[in-house]
Structures are given as C-alpha cells and as structure tokens.
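The next block holds one structure in the form of structure tokens; read it before the comments.
Chains: A, B and C, in written order; residue numbering restarts at 1 for each.
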Amino acid sequence: MSEDVDFDVIVVGGGVAGTVCAYRLAEAGHEVLLIERGAEPGSKNLSGGVFYCRVLAEVFPDFVDRAPVERRITRNVLSFLNDDSHVNVDYWDTRLADPVNAVTVLRAKLDPWLSAECEQAGVVVMPGVRVDGLLQEDGRFVGVRAGEDELRCHVVVAADGVNSFLAQAAGVRAKEPPGHLAVGVKSVIGLPRTVLEDRFRVSGDEGVAYAVVGDCTQGVAGGGFLYTNLDSVSVGVVLRLDDLQAAGLSSSDLHDHFLAHPAVEPLLRGGELLEYGCHLTIEDGPAMAAHDLTRPGLLVIGDAGGFTLNTGLTIRGMDLAAGSAIAAATAASAALAAGDFSQQAMDGYLRELEGSFVSADLRTYARAPGFLENPRLYTGYGQLLADVLHGVYDHDLTPRRHLVPGALSALKASGLRIDQLVRDGWAAARAL
Amino acid sequence: MRVVVVYKWARNPTDALVRSDGSIDWRNARMTAGEDDPAALAAAFAIAAGSDGEVLGLTIGDGDASWALARGVERAWSVADAPSLVDNAATAAILAAAVRHLGEVDVVVIGDSRQDAGVPVALAGELGWPALVGLTSATTVDGRLQAARKVGGAAQTVLLPTPAVVGIAAEADVDRAPGMKELLAARKRPLTRLSLAELGVAPDDPESLGCAKPDSTPARVFAGEPAETAAQLVAALRSEGVL
Amino acid sequence: MNTDCWLLVTADGWGGAFRIARALPGRLTAVVIGPRLLAEQVAAAGPDEVRWTDPGPVPAEAWGAALAGAAADAQPGVVLSTTDPAARVLLGAVAGRMHARLVPAAVALAVEDDRLLVRRAAVGGETIETLRCTGPVAVTYGGDDVAAASGAAAPVTPVELAAAPLAVIASEPLAVASGLEDADRVVSFGRGVRARDDVSLVQGLAAALGAELACSMPIADDLGWLDKSRYVGRSGNQISPALYLAVGIGGAPQHMEGVRGARVVAAVNNDPEARIFRTADYGIVGDLYDVVPELTKAVRNLPSKELEQ
C-alpha cells in the first residue's frame, strides 16, 4: 500500500455484493475498508429470501453448511391465483438438493455472517457510517467522504444498492425511471417448526418456494412470493413501480390483501409477525445494467449496477450481486497489481463479467421485463386455467366434453383471444 | 484526576416487546449504548479536562466495547464474560472489582439509567465512596470535583470529595456519531479484556419465578368518525369526573 | 427470614414505597434524612419507629457511609428507597456494606415459605417479574406514587450521624411556567402538530377545557414553539393533573415520566400502534386536525358549570 492512501480499496455498502467483494480482495492480500451505513450489517436490507447460491461455492466452499441458511429449496410451486380459485404447478425434485441449488436466507442473519467473515479475512468493517460523496482528482475517483472526514484509496467499489447514490453522483447512472424499478413489501411470519413442516409438507432442511401471479397483485404488474425458512415464512409482493403508481393502489394494502387471501391465509394462520419491511428492487435489470459500470478508480456492482433479474417466477439479485462482486474483485486485484487504475484497467471488470454467468443470464432474460408487462398475465390467465380445470372436475351432470373443446369454450368465455394466447406462449418461451 | 467512565453496550430496552403471557421478546432490540452514557462521557471529559486528567473506559458484557474508544477515550477495559443481571448490586460488584483492578482512581462517572437505577449507587456502596446521582453534569474547578443537578425547583452546584461516584442522567440525546477517522483510530486504541475469574467475582441472580402482564386495564381507544370519537372521549372523561 | 425493614426517605413521594414496606410482617423503621416536617409526615403514616437526621443545608447523600454502618449493626432484612436520587445513594451505601442484593423498580413485596418475593417492573412496567430472594435485599420502589396512608403515629427519634464533606455551593431557582405545576387539566402537544400556526388549534382546545398548555421536549427545545419551561417529561416538568390530554405525542418513556402522577391520561394520535396508547387510559385514533376541532366543539357544548369545578 503506498503512502498516500488509507486503503487499497474502499467498498461502500455491506450487502451481499459489498461483503463478497471485500472478502475476495482481503483474501488476495489487499487492505480493504467496508463501509455500511446501517448500525448493524443487514439492518437495512431486505430480500424475499431465495438465494441461488452455487456462485458462492468458489468464495466460501462450505457456504451452505457454515452460513446461516434456513432451508434448501427442493420444491417450487408456481401458483396462478384468482379471487376464489387457484391453479398450482408443484415441482418437487430431490436433485435440487444435490448439489444445493437454492436456499432460503434471512438477510438479518446472512449479512452479519458475511460481515464477520470479512473481518476474519482482515477487512476493516465500519458500520454506522453513511458515505456522502466520492473524492475525485484529475478525472479519477480516489476516495470517499463522510461528514467531515475523507479517506483515500486506489479503487472505490460502489455496492450501495438499488438507489446507488454513488453511481448517480459519479454520473454513471441517471435517476432510474420507475419502469425499471419495483417495490417489494414483505413480512416474516413465525410458525413453530412442526406446524410449518406439516403445513408445507417439508421435512429436514428442505423447503418450498411459491411464486404467485394473478389476484395477489390486483392487476398490478408483479407477483407474490412465499418461501419457507426454518421456523418462519417470508411472504410478500413485488410490484412494478410505474404500474403501481398508475393504479393508484398502495403497496402495503396489496401486501395485506395477499396475506389475507383465502388461499394464503391458512398457510400463515396463528403465526407471529416477526419482521415487516418495504424496499425497492429492480424490475428491468438488463436495461439498468446497460449503463456504464466503471470509471477510473470506480467499480459499480450488485443492485447499484442493476444486477437483478426479475423473471416473473423468481427474483435473482443476491446471486448476481455475488457474481458481479467476484468479477469486480478480480479486476481490482489486477489493477492493484499493475498499479493502473485507468478507465482501461477498470474495464477489466466488464471483461470478467462478460465471461461469467452474470452477463449470460442478463442476455437470456433481456426480454422478460417486456413479457412481464403483459396485463393478461395478471388478470386473464389464472382464471382461464381455473375455468379449464373447473370444466374437467365439476361434474354437474351435463355431458362431459373433451379437454380441448372445454378449454376452447373457457377461452372464449375469458375474453382472451387465441392469437394472444399463442403470442404470449411464444413470448414466454423466449423470454423465460 | 484519573476518571473511569462506565458505559453499557446492550440491547435497547425500548425495542423490547412484551408478549401476552408477560414474557419479553428481545429479538428486535438492537444493541445501543445506555441512554445516559453519552452525557456521562461528556461529564468524564469535563472532569478530566479541568484537572489535566485522563479518562479510562470500562464496560461489562460481550458487546462491542469500542463505543467509548471511538468517542475519544484512549484506553478501555471490558469484563467480557459478565452476564446481564437483574441484581444491580451484583452488576455493581463486578464493576467495583474492575475499578479496583485499574488501580488509583479518583472519580467513577456512570450513566444513571432508569432501568437499573441501583447500579451507580450500589457501585458507590461497594467501593465505599460518596456518591451523587441524578446529576446533569460534572466538572473540576480548582482541582475540586463539582456537579450540577436540579432539586426541588432549583439548579444546584454541589462540591464532592474524591474518590467519588457520580451518576449522570441525560436530559436529551447528546450522542454524536463518530467519524471515519475516529472509528479507525478507535481500532488502534487498547482494549483490555478482563474475566470474572481474574477479578475474583462470581455474581449470581435471585431465582426468577417468571413474568406476567400487570393487571392494569388497557387503554380504551376510540376509532371512527372524529365527531363520534370526540363525543365518546368527552363522555368517558366526564364519567371519570375530570370534566 | 428476617423481614424487618428500613425505609429510606429523603423527600416527598414516599407513599407507594411505604405501602409495600408496611405489607411485610416485620418491624418497619423509617429512616428520614430531611426536614423535621418530613419526619413527622412519615411518622403519621404509622411505621414502628422513625429515626430522623436533620441535614440542614448539606445534601442527604453525605450520610451514606454513616447509615451503612448503622444498618450493619441493626441488620434489617429488607431496605427500601424511592427512586429519589438522594434516597438511592443511601440505599446503595447500605446495600454495599450489607452485601445485599439490589433489585430496582419493585412494585410489591411478600413473604412466602420464609422467603421474600419481590415483584419488579421490567420493560418500562409492561411486564412484572417475580423474584425469590434470600438474605438481605435492597429494593428501589418502582410503582405508582400513592398518597400516604395514616396509621398509629410512631415516635420520631433524632439521630446524630457523621456526614461526608459534601456541600451545596450554589443554588438558583429554575424558571417555572406559571400554573403548569398545579394545573388541574393540562393539554399537551407534540410533533404531530405540523406547523407553528397550528398551535392555535390546540390552544383553542386548552382554552375550552380551562387547561394549561404544555408540550413535548422537541416542541420547546428544537422548534421553540413554546417556552422551555412548558415541556413535560424526565428533563422538564413532572406534573400531576387530574387530566392530561396528549395530542400528537408519541409517548416516549422519557415524556411519560413527566405525567406518572396524572390521574387520567388521554391521547389523540393517528397511529394505532403509537406507544402512548400503551400507557394512556383513553385514546382516540385519528388525525388531530380532524379530532381536535371536534373535541373543542364537544367540550364547548358541555353545560358550562361543569368546567368550573
């Protein structure tokens, strides 16, 4: 470390992205400061809670066994929810547990663990400080400012989450249009472990994740989720900001409506509210991440860079946060070794990303946000599915029809058109 | 003067929730310094400043002992394995043993907290030192310790002999978040961990038979149309005889 | 178990502590360090004896060590004080010398199976824990203030004890808001009032009620909408009106400490979860800007005699 800096790297933001990046860099022998505005790591963070954690294997080889994970997800339920009916696609597969693919986590436990791992690795973790600005010299970012104090470094990593004030101040991003953003409202409801395991038909350390579309959002683009933790469930809604504003509905009302829905309420009955929160998330990650991610001396990672995929069935932010953090750490390490913090050196991060699953997945899902804008997804299809199945199971003594004619008449009654159906089906196949 | 400031880093009792069976749910309670501790720290510095003295930090429990180090205290001690106790005399006995361990001490400054109103006074009792609590500030003038308090409609200044214990009750939230430089400096300042065994104390608590909600009646709360609720409240206050 | 009790008194407000001490079967000794009048008032409540020391201008705390010595000789099983700072210092001195336990915020004492049960308030009085103690126990009283009972008057025995060198070197009267201390009704407002101009709304209600106007600390300290002598709470005024009506006040424990002695506490707050509803007797959940005008109207419509009382 040269004379004129306090640290090699200053990472701003102690979420998944910031902690993983800081850990990596400290392991590589660099002097790293991690600044988090919350008094305790994780105190300000919120995720629905399914972490597709394979990406962490290279950082923490024994992550699933050591980290405070809740349950390993082996069952995924896709639920189309209507006023008074629902149709579920219930996919259970023990292969999902070997190797472990996805786990539920509570950020209030995960973030402190990640932060403690950082300390262990030699990162100076500084909670309770909010960074107010970046130091810039000759077009290069050279440190951070908080209150009256300034600290200098070779590389600043902005991992300050979806609103990334730092990325905006650095001119990397403009203020995000509401169409790129969504708001999540979530509760954690405590249930005795045995009650939870009986109710959700899970055992041992296995768990289930529900993705819900339809009535749960009262027509607002978005969806509901329900994930099992060890002795609690994380449940809530994610709503696209522009659509929510246009509909004039309140996100907390929609959250309450979802939790009180007759198909959901019995799953939570008797539970104790442990946590409730509201947080912005990213609706259109691919559009956001199309912004720049680097400046001389500056790397932008995680939600700050726009790395969240909302596929409609899953929200993937934490794994992409970790993926971008690993790429940034590699690039910053190389820059430190070369003593070169120019734009070109920082762009090593982009090249790392290019070769990783992060970029590949962002490309794959580039059409998902457009597809998810389709209002029929939140209004028509759930009812159509229920009507088809109603025709099959409702034996009202009228002559039975084959499934296809029954479905066609249900479609007719639904007001949806067959060309729309075909088009949406095709779009879904391409987008998801 | 050699001043010891005793501070507390513990779960914030105002965040604790009481369940319907009277048991206490601490899960949402975050760690904070005692509410009166920032004011106690300010008094400790004032006493030291008036006498070219130094301020030593002392805390107990396994929490983050760096609170005082980040606020200008140069050295701190923590009795890391001290449990959180209901018996204020037991807590005070641990603190007294630690104060003796620090050698020559002229003044112990401590937050005079509402929840544990017995800790500062029992600490003075254990040490056998005179004490004043419920003070708003303290300082040294001409080498002599003096303290300010409000008593019966008057603001008093009281002169104390040393060694003494002074308990400060904060009048407002005067805590100031330390800056990055102070936080980094705090990491370099020595923090000595002490153990109960080293101090030769073995504290315990009386047996608890459990908690229960008090049998006071809950508030009667009216909700609805303003005119209606206003009428309901006025009627209720009249039947109470206060209108 | 020895349930002989010492009650340490240095100032008014000992009624509640006296009551729980008297509930014990042992001999009750009141130790008063204060003016003669105080000693006589305590004696009239009916302890078994009163030991009285006149401190003159010296802080009562100066007698801590001497009292500790006396207690070590007398060996009471229970020592009790109010939360008054001076009484607490004496309690700590005695507890230290006797190696007694010290339990804060006791609301009741009882003897069961020859052991002392101490019920103590926790989490600001929202729950009561029962502790079973052996050996000498010191407690501070943490329940409501109650008026002193009257019993068979006890003799007052003057006691000379040695004092530590504590001295009051200056004393200045604090500014007090006229009328607030002994007002029968107080209407108080907090940050729920959004602008200085809106204070008149609350003022109107106070006028209709014939009440004094008060506020929470931020209103006086940070905003300066009322004089600092008018805020209620730990750091401000401690008042005991018959009615305390809090408008747009959250109910922080530091604020509520100022109205422990109020007979009826009522609150208007638009947040049904507001802390103040946990301690108030009556509440209205609603926007004060809607509710206060209606309250004012409802009060004005009362037969005018009733407010004169």
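Operating definition for what follows: a contact is a pair of C-beta atoms (placed from the backbone, for glycine too) under 8 Å apart; a residue touches a chain by one contact, two chains touch by 3 or more.
No experiment lies behind these values; they were computed from the predicted model shown.
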### Task
Identify the chains adjacent to both chain A and chain C in the sense defined at the top.
B
### Query
More C-beta pairs touching across which pair, A-B or B-C?
B-C
## Note on the structure
Chain centres from averaged Cα atoms put chain A and chain C apart, in whole Å, by 52
### Centre-of-Cα separation between chain B and chain A, whole angstrom
41
## Note on the structure
In whole angstrom, the CA-centroid distance of chain B from chain C equals 19
## Note on the structure
As the complex stands, chain B meets chain A at residues 27, 30-31, 177, 179-181, 183-184, 187
### Query
What residues on chain A touch chain B, complex-wise?
6, 35, 39-40, 43, 124, 126, 128-129, 146-149, 151, 274
### Message
Considering only the defined contacts, which chain B positions touch chain C in the complex?
### Response
13-14, 16, 18, 22-24, 86-90, 92, 112, 114-118, 120-128, 130-134, 146, 149-150, 152-161, 167, 169-172, 205-214, 217, 219-224, 226-227, 229-234, 236-238, 240-243
### Message
Which residues of chain C touch chain B once you look at their complex with the stated criterion?
### Response
11, 59, 61-62, 64-65, 68, 83, 85, 88-89, 91-97, 99-105, 107, 117-118, 120-133, 137-138, 140, 164-174, 176, 185, 209, 217, 221, 234-235, 242-243, 252-253, 257, 263-264, 266-267, 272, 277-287, 290-291, 293-295, 297-299, 302, 306-307
